[in-house]
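Presented below is the structure to which this report refers.
Order of writing sets the chain letters: A, B, C, D and E. Residues in each chain are counted from 1.
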Amino acid sequence: MELLDSFIFITLIKAAVVLAVLLTTLAYLQWVERKVIAHVQVRPGPYRVGPHGLLQPVADIIKLLTKEDLLPPYVNKPLYLLAPFLAISMALLSISVIPFGPMIKVGPVITWMQLTDLNIGVLFILAVSSMGVYGIALAGWASNNKYALIGGLRSSAQMISYELPMSLAIAAPLLISNTLSLRELVMSQAGGIFHWNILHGPFPQVISFIIFMIAAFAETNRVPFDLPEAENELVAGFHTEYSSMKFASFFMAEYANMITVSAMATLLFLGGWMAPWPVAWGANLVPTVIFAVAGVTALYHGANAARKRDKRTLPVFGIIFFIIAGVFLLPIVQSWLLPLFWFAAKTGAILFLFMWVRATLPRFRYDQLMGFTWKFLFPVAMLNLLVTSFLVAWTTK
Amino acid sequence: MDVILFLIFAVVAVVCAINVVVQTHPISSALSLVGVMGSLAVLYLLLGAEFIAAAQVIVYAGAIMVLFVFVIMLLNAGAETKKGRSYLIPGAPLLIVFLGLMAYYVQRYLFPESAVVRFGGFTGGGPKDIGNALFTTYLLPFEVTSILILVAIIGAVVLARKEIE
Amino acid sequence: MQLWLIPILPLAGFLINGIFGRRFSKSLVNTVAIGSVVLSFLWVLKTIFAMGDLNTSIEEHYFTWIQSGTIDIGCDFLVDRLTIVMLLVVTGIGSLIHVYSIGYMSHEGGYYRFFAYMNLFMFFMLVLVLGANFLLLFVGWEGVGLCSYLLIGFYFDKKFATDAGNKAFIVNRIGDFGFSLAMFYIFKNFGSLDFDKVFHQAASAPEWVLTTIGLLLMVGACGKSAQIPLYVWLPDAMAGPTPVSALIHAATMVTAGVYMTARSWVIFTHAPGAMDVIAIVGILTAFLAATIGLAQNDIKKVFAYSTVSQLGYMFVGIGSGAFSAGIYHLVTHAFFKALLFLGAGSVIHALSGEQDLRNMGGLRKKIPITFWTMVCAWVAISGVPPFSGFFSKDAILLAAYQHSPAIYWIGVVTAGMTAFYVSRAMFMTFFGSYRGTAHAHESPAVMWVPLAVLAALSLVGGWLFPIPAFLKAMFPAIEKAGNPMLMYISVLAGFAGIGLAYLMYLRKPGMADSLAQTFKAPYQLIYNKYFVDEIYSATVVRPLIGGSRMVLWKGVDAGLIDGIVNGVGARCRDVGSVLRLLQSGNIRSYATWVLFGSVALLVAMGLLGGLPR
Amino acid sequence: MNLLTLVLFLPLAAFVIALAIPRASSARTSRLWALIGSLGIFAASLGLLAWFDRTAAGEQFLVDVPWIGTPNIHFAVSVNGVSLWLVLLSTFLTPLCVLISWNSIKDRCKEFYAFLLLLEFGLVGVFLAQDLFLFYVFWEVSLVPMYFLIGIWGHDRRIYAAVKFFLYTMAGSVLMLAAIIYIYNKTLTFSYPAILEMLANGKLSFPAGEQMLLFLAFFIAFAIKVPLFPLHTWLPDAHVEAPAAGSIMLAGVMLKMGTYGILHFCLPLFPSAARACAPWIGVLAIIGIVYGSLVALVQPNLKKLVAYTSVAHLGFVVLGIFSFTQQGLDGAVYQMLNHGVSTGALFLFVGILYERRHSLEIADYGGVATVAPWLSAAFLITTLASIGLPMLNNFVGEFLVLQGTAIANFTWTVWASLGVILSACYMLWMYQRVFYGEAGPEVRGHIPDLNGREWAAILPLIVMMVWMGVYSQSFLPPVGKNTARVLEQTNVNVPYRVQQWDRPPGLSADLPNPHRGGTN
Amino acid sequence: MMNAVPISWFLTLSAILFALGVAGFLFRRNIITVFMSIELMLNAVNLSFVTFSYQHKEVSGHLFTFFVMVVAAAEAAVGLAIILTVFKGRSTLNIDDVNSMKH
């Protein structure tokens, strides 16, 4: 019983930690996005609330929470209420099987940096993400609004369609790793960048990765595949009739999905928490170096008299970065912080890609969208899978 | 623990199934059906059928039912009208008898209480086992189903496409 | 001996005229038709002379016609004395009538067709006569029937003519029915159809077999030779052109029955029962036909019934065992009856188609040649000695007397009546005053020359051709106790008939009518030919057709059998339409049935204990 | 592959080619092809006649190759003295059918001629098959094209007639199939010669009851096809509705499938059942003769009349077969051929008349002889042949049948001979009403005489009528050899005596021994 | 024995679901609902398969379930396409109105 209790206890703690981090990340991800896009477009972005607009997410949350929770008449009430709940819960559910790092020892407890590991982890994620369609579809339908309905329909069609190439793209690295468990998947990619699935073995899964990323954009309804919520034509798509926290739920679901997908990409193709090169080559120093450089940069800019508004924040951040760089040097935390760093770095890079694309590319037309997946993406993914499976069969004898 | 899990999801499944039948609006029925499938997926897990559970969710709940929902939305189907003859009178008694007999036979003859299910009592339902069986013993049916799927795709495309004048 | 040439020549004539005749001129048609017949006649003469003493018959085999199992029927021709007589009659008289026809038919349409048919008839008649087995005889038998049919219906756009043709053929068929059965029975019992083989065994066969065969043969002969009860076709057959009546329905074809019975004399002599029947049938026919002849007004009809009557005489001869007498009468009858018909034809020709005696009269001045030739026939048929009819009739009556006096006496009465009605016809035609309207003119030479030849034969034929003596070698001799008394009586009867006719039609012209008034019922009876046609129609033809139509076709075929078949179909449909209610097209009802079935299965499983433990 | 298979498969090849003629090409192409093809087939079958050994009894040109492994079905064909003539009859009539349909078939020409050739294939196959299953296959193959010939190119009630025809025949053939399968289960072979051999050497025997059932199963199938009274009512309907060519093939050849089947299968396989049933069948045949004649007598419709005459004529055939005498069997076979020629010709003429006057009602005619003398003359010859006039074909057959029957049972002959009288009645009456009398305006204007093409169709038939009537020796000997064999196989010797009285000692040598091949 | 569920319970659950599927099939008029009832029945059967598979410690039941899913997917694709076509032609989803096979 004790073991059981401790298992539940640890799991609960892990869940709490993950949830807290995740929700914060979600909130700040939006800020980051606004910032990134703003910088791409050569403008400052949020800047008022807090230093560099750092408190903007908090303000947003307060705003959303305090807004009137509007329940339009003529909607199908139960489903209307169910839809955002479904969307956010499905989005968050998949996090539960994603490993952030290896087994660690925290005091007396030895545990994985993962809520739970399933034999069929990948399938679980696919299953959960496929359930996510319901949220959007139902939202569109239950709103009893033609724009919403069209948005919902488009969204579900799009998601079903892109799920196919995505699954096929996932299958290829799975073949190479020969497992469905995400943890084992990462383990199989240990040993440097050339063991990652994206560059692995006889057939590097670059194509797979690209397909996966494209499909991921579509799955998350992100630009350039954000047809379901195309403001210009559909007002706002499936969430036209939603407001306040219900709207926020969809928003959060979208960003949660982004994180999930990025994490998936990391795990499947980029070796998860594994460092790109061996420790011997100084892999452990990389975060320290990065944060140190960041600290130097911050201090340098903070010293710039022209930046009046940042004259206090930048030096503070510089010092914080230095501290972090120092922390990374501590052997006690290195064992669990370094994997986390690598994981976060890779995921963050992909998230950055999402934002970058959003800032850069225009939106597709709907028929182009569907045609693209069925006529191009799907065959290519199929071919890729075929070649991969042949090569895998060839090499493993 | 297993019993509780079973009971919870069995009750959910039954309630959802009843809902499927009772709800007048197809979309409610569809969502209830999703519920049934979800519960069944859990029960599959309980029975050690991991792969099938995942497939259940992906294929059934994630694809087939989405298709249903999609079609319902597309046709904007409303609640059904009470038209045409009702089969309640011949059907309901028959059904009750059917169910009673089935339950009776199952309980009384086929599977006495001694045969039980424990979680983890069977672990042969993973992807690997399924794959092994699928590509050895059941290779031919598997290939046949792939043909079937192909045919179904063609059929669906032909049926649903716009009439070319 | 090339016997095959005899029939083949007319056949060739038929084929040539039949196929090309339409394009031929009339003279070419004549040449072919008459040439072939005359050549045939000449070949007959040559054959006869070549045969020498005539005591041995010759038989020629050409090819096997039908061979199956024990049946082996060849195309065999046989010539013996009987055949010679027949051949001469057929080809001789045939030639004469062919010649006559040139004149008679000169104004008719279908000229070539007529001669083609005539030639075909000659062919079949010669096959009939020459055939050495029953089947070949039957070939000719049927063939002449066919030609008779064609020639009776020569004017095929006239319904009465084609009706008469049909009647002739069908009534003959009834006779043939008997004949063919006789053949089957002969083969069944004797294992052959060849004359020599059959007759060789016939003497030793039991009498009932022979009687059966004899009676069946007699049925055939009755049909062809117009005996009771099958004589009805012959009077109607006068619808054909007159030369046809003369050749086919007086001189040759109708006598085929007599020929056939004479040919089968071996069978008949051993079947006295059959002989009796023949004699009775013959005398009844002779008498009845004579009575009918008394009251006919159509000149050809009178002679037609006369022919029936005379054929009856021949049958009496055969039935009395006097085969040669029968044949004798056949020959003389061929002379004078052909002459009568041709004369009548000449009269008709002279009067442009008038046939009713009541519209004639006083023609003896206008067409003297015809008149005088017909007088020769008149005296011959009336039995006036020493003309031909006298001899043959006398021979028959003599034989009949020996067989049965009753037959003799009826025969005598008949002879009187014969003299009466022929005289009546002569008087009404040639004497008195002309009652008609047409302009009478004498026939051309091509017509009266044959008449003259026949007239000569009628006058002298009796003693010129002593047939009984000629055939003595063939048939068993009848012991003739020459009783002159009998002869006188019959001659007397003939004169009585002539006298009575003279009285009634020349001296007291109103007498006939008043007699008819007095004996109205008998007169009507004979005037209407005993209503035989009507009786046949009412008892056989109409029930047959009506029954076939209403009972067999509409009733059994369309009603019963098709009714059953369609009924089965309809019941299937009914069952189907009930069962179709299950196939409501409603999926849910099907599902209900499936559910019902499953429940039933479950219950059954439980009840039967079919569940595994 | 010998000549026989060539003859058998040429029609099929011709059929395929006929189907392959493009739809766009003119009707004339199909016609010409059908004519050329059928004439070619006829020529090939004449080759069969040339190489046929007339002196030998039994099957010739035997081909036997395995066709289906399990069950053991062989493609076994051969020809004997009877089937030889029937094959020739089929191949002989087909070109005539093509000729007669030349102008009267206007729509769907290609299909029409294709079906005609397929029909020929089926018919030839039926007469050649020596494997029971193969026989059944051909039996059904011949059914299908005829169904379409009637159903598509027929007259007003064609669908009814076609369905009736099909159902009737199917009803019988299903019984036959059951019997065939039963025999297979018992013998494990479909090979007809093998079964006969088993029967002969005693390895196989059918108990009485079983044999009777099997016999009836076969016999009913054949009797429907013949058709024997009272199973005949499909025939008038089928004939009336069928196009001329269909009628010719139906009457000319198809009906013979039944009688051929009886002769070839029923008798040798089930001799004692056949013997036991003979009295009943004989009576039915006689009823058919008289009844068919009487009903024909009152038909107002030309084709129906001829159809009922077929019932009567085929009654003679059945009667002959069940007389169990050499003469009866020979006559029956000969009558089959005769009927094919003369009734085929009658239907041909009816088709010609219909093409001119567009009516089948006798009442609509009259006086045709005035306007079309050659047509009338040719028709008359055919009529006379049908009546059974000596020197024409039917006479020989009828004579032999009746003679054989007389030997077996004289009473039958008496009744059957009534049919001979009646045939004269109905045919001549019909001829009188159609051809004689005054020609009405309808007739006068619309009935031209025969043209060259029609002569080409008719003349061979008339030549055959005369030939078969005058010189039957050209045809009978092979038939007789084969029927004698059948009689031996039936092991039935209906005893008849030439003399039922004490024969004088000297006479017996004159007569050939009437007992042939009998063992009793 | 709180940790062990009798197999018959699974089967009874399967039977109940199946019966409910049949009920939906019989009592509902909307084609789509009827169709979903069929899916429900299939699911019930799948449960039985998986249960049997557990009982026999055999993977075959899973495979049957797998095939059933495949077939169900195919069926859904074609079936829904048919429903779409029917709706296009008749503008109704009531199963009782779709009865042109009746006559």
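To be clear about the criterion, a contact is a pair of C-beta atoms (placed from the backbone, for glycine too) under 8 Å apart; a residue touches a chain by one contact, two chains touch by 3 or more.
Predicted model only: the values in this text are computed from it and were never measured.
Colleague: Hey, if chain B just vanished and nothing shifted, what pieces would we be looking at?
Modeller: Take away chain B: A | C, D, E.
Colleague: To reach chain E from chain A by way of touching chains, what is the minimum number of steps?
Modeller: The fewest steps needed to get from chain A to chain E is 2.
Colleague: C-D or B-C: which has the larger count of contacting C-beta pairs?
Modeller: The greater number of contacts lies at C-D.
Colleague: Compute per-chain Cα centres, compare each with the mean of all protein Cα atoms, and return the closest chain.
Modeller: Central chain is D.
Colleague: Among the chains here, which has the CA centroid at the largest distance from chain E's centroid?
Modeller: Most remote chain from chain E, centroid-wise, comes out as C.
Colleague: Could you tell me which chain lies farthest from chain B when each chain's centre is the average position of its Cα atoms?
Modeller: C
Colleague: In whole angstrom, what separates the CA-based centres of chain C and chain D?
Modeller: Taking the average C-alpha coordinate of chain C and of chain D, the gap between them is 35 Å.
Colleague: Could you please state the distance in Å, as a whole number, between where the Cα atoms of chain A are centred and where those of chain D are centred?
Modeller: Chain centroid spacing, chain A to chain D, equals 89 Å.
Colleague: Provide the C-alpha centroid distance between chain B and chain C, rounded to the nearest whole angstrom.
Modeller: The separation of the two C-alpha centroids amounts to 97 Å.
Colleague: Go ahead and note the Å separation of the Cα centroids belonging to chain B and chain E.
Modeller: Each chain reduced to its C-alpha mean, chain B and chain E end up 6 Å apart.
Colleague: Going by the touch rule set out above, which residues of chain C reach two or more other chains?
Modeller: Each of 588, 591-592, 595 in chain C touches at least two other chains.
Colleague: Would you mind listing the residues of chain E that make contact with two or more other chains?
Modeller: Answer for chain E, listing residues that touch two or more other chains: 22, 26, 95-96.
Colleague: Return all touching chain pairs.
Modeller: Listed in label order, the chain pairs in contact are A-B, B-C, B-E, C-D, C-E.
Colleague: Over in the complex, which chain E residues touch chain C? Could you list them?
Modeller: Residue positions touching the partner: 22, 25-26, 34, 95-96, 99-103.
Colleague: Residue numbers of chain E touching chain B in their complex, please.
Modeller: Residue positions touching the partner: 1-13, 15-24, 26-30, 32-33, 35-37, 39-40, 43, 46-47, 50-51, 53-55, 57-60, 62-63, 65-67, 69-78, 80-85, 87, 93-97.
Colleague: Chain A touches which residues of chain B in the complex?
Modeller: 27, 31, 34, 50-51, 53-55, 57-58, 61-63, 66-67, 69-70, 73-74, 76, 126-127
Colleague: How about chain C: which of its residues touch chain B in the complex?
Modeller: 588-589, 591-592, 595-596, 598-599, 602-603, 605-606, 611-613
Colleague: Any idea which chain D residues touch chain C in the complex?
Modeller: Answer in residue numbers: 164, 167-168, 230, 232-233, 236, 291, 294-295, 297-299, 325-327, 330-331, 367, 369-370, 377, 384, 389-391, 395-396, 399-400, 402-403, 406-407, 410, 413-414, 417-418, 420-421, 424-425, 428-429, 432, 435-439, 470-473, 476-477, 480, 484, 496, 498-501, 503-504, 507, 510-514, 516.
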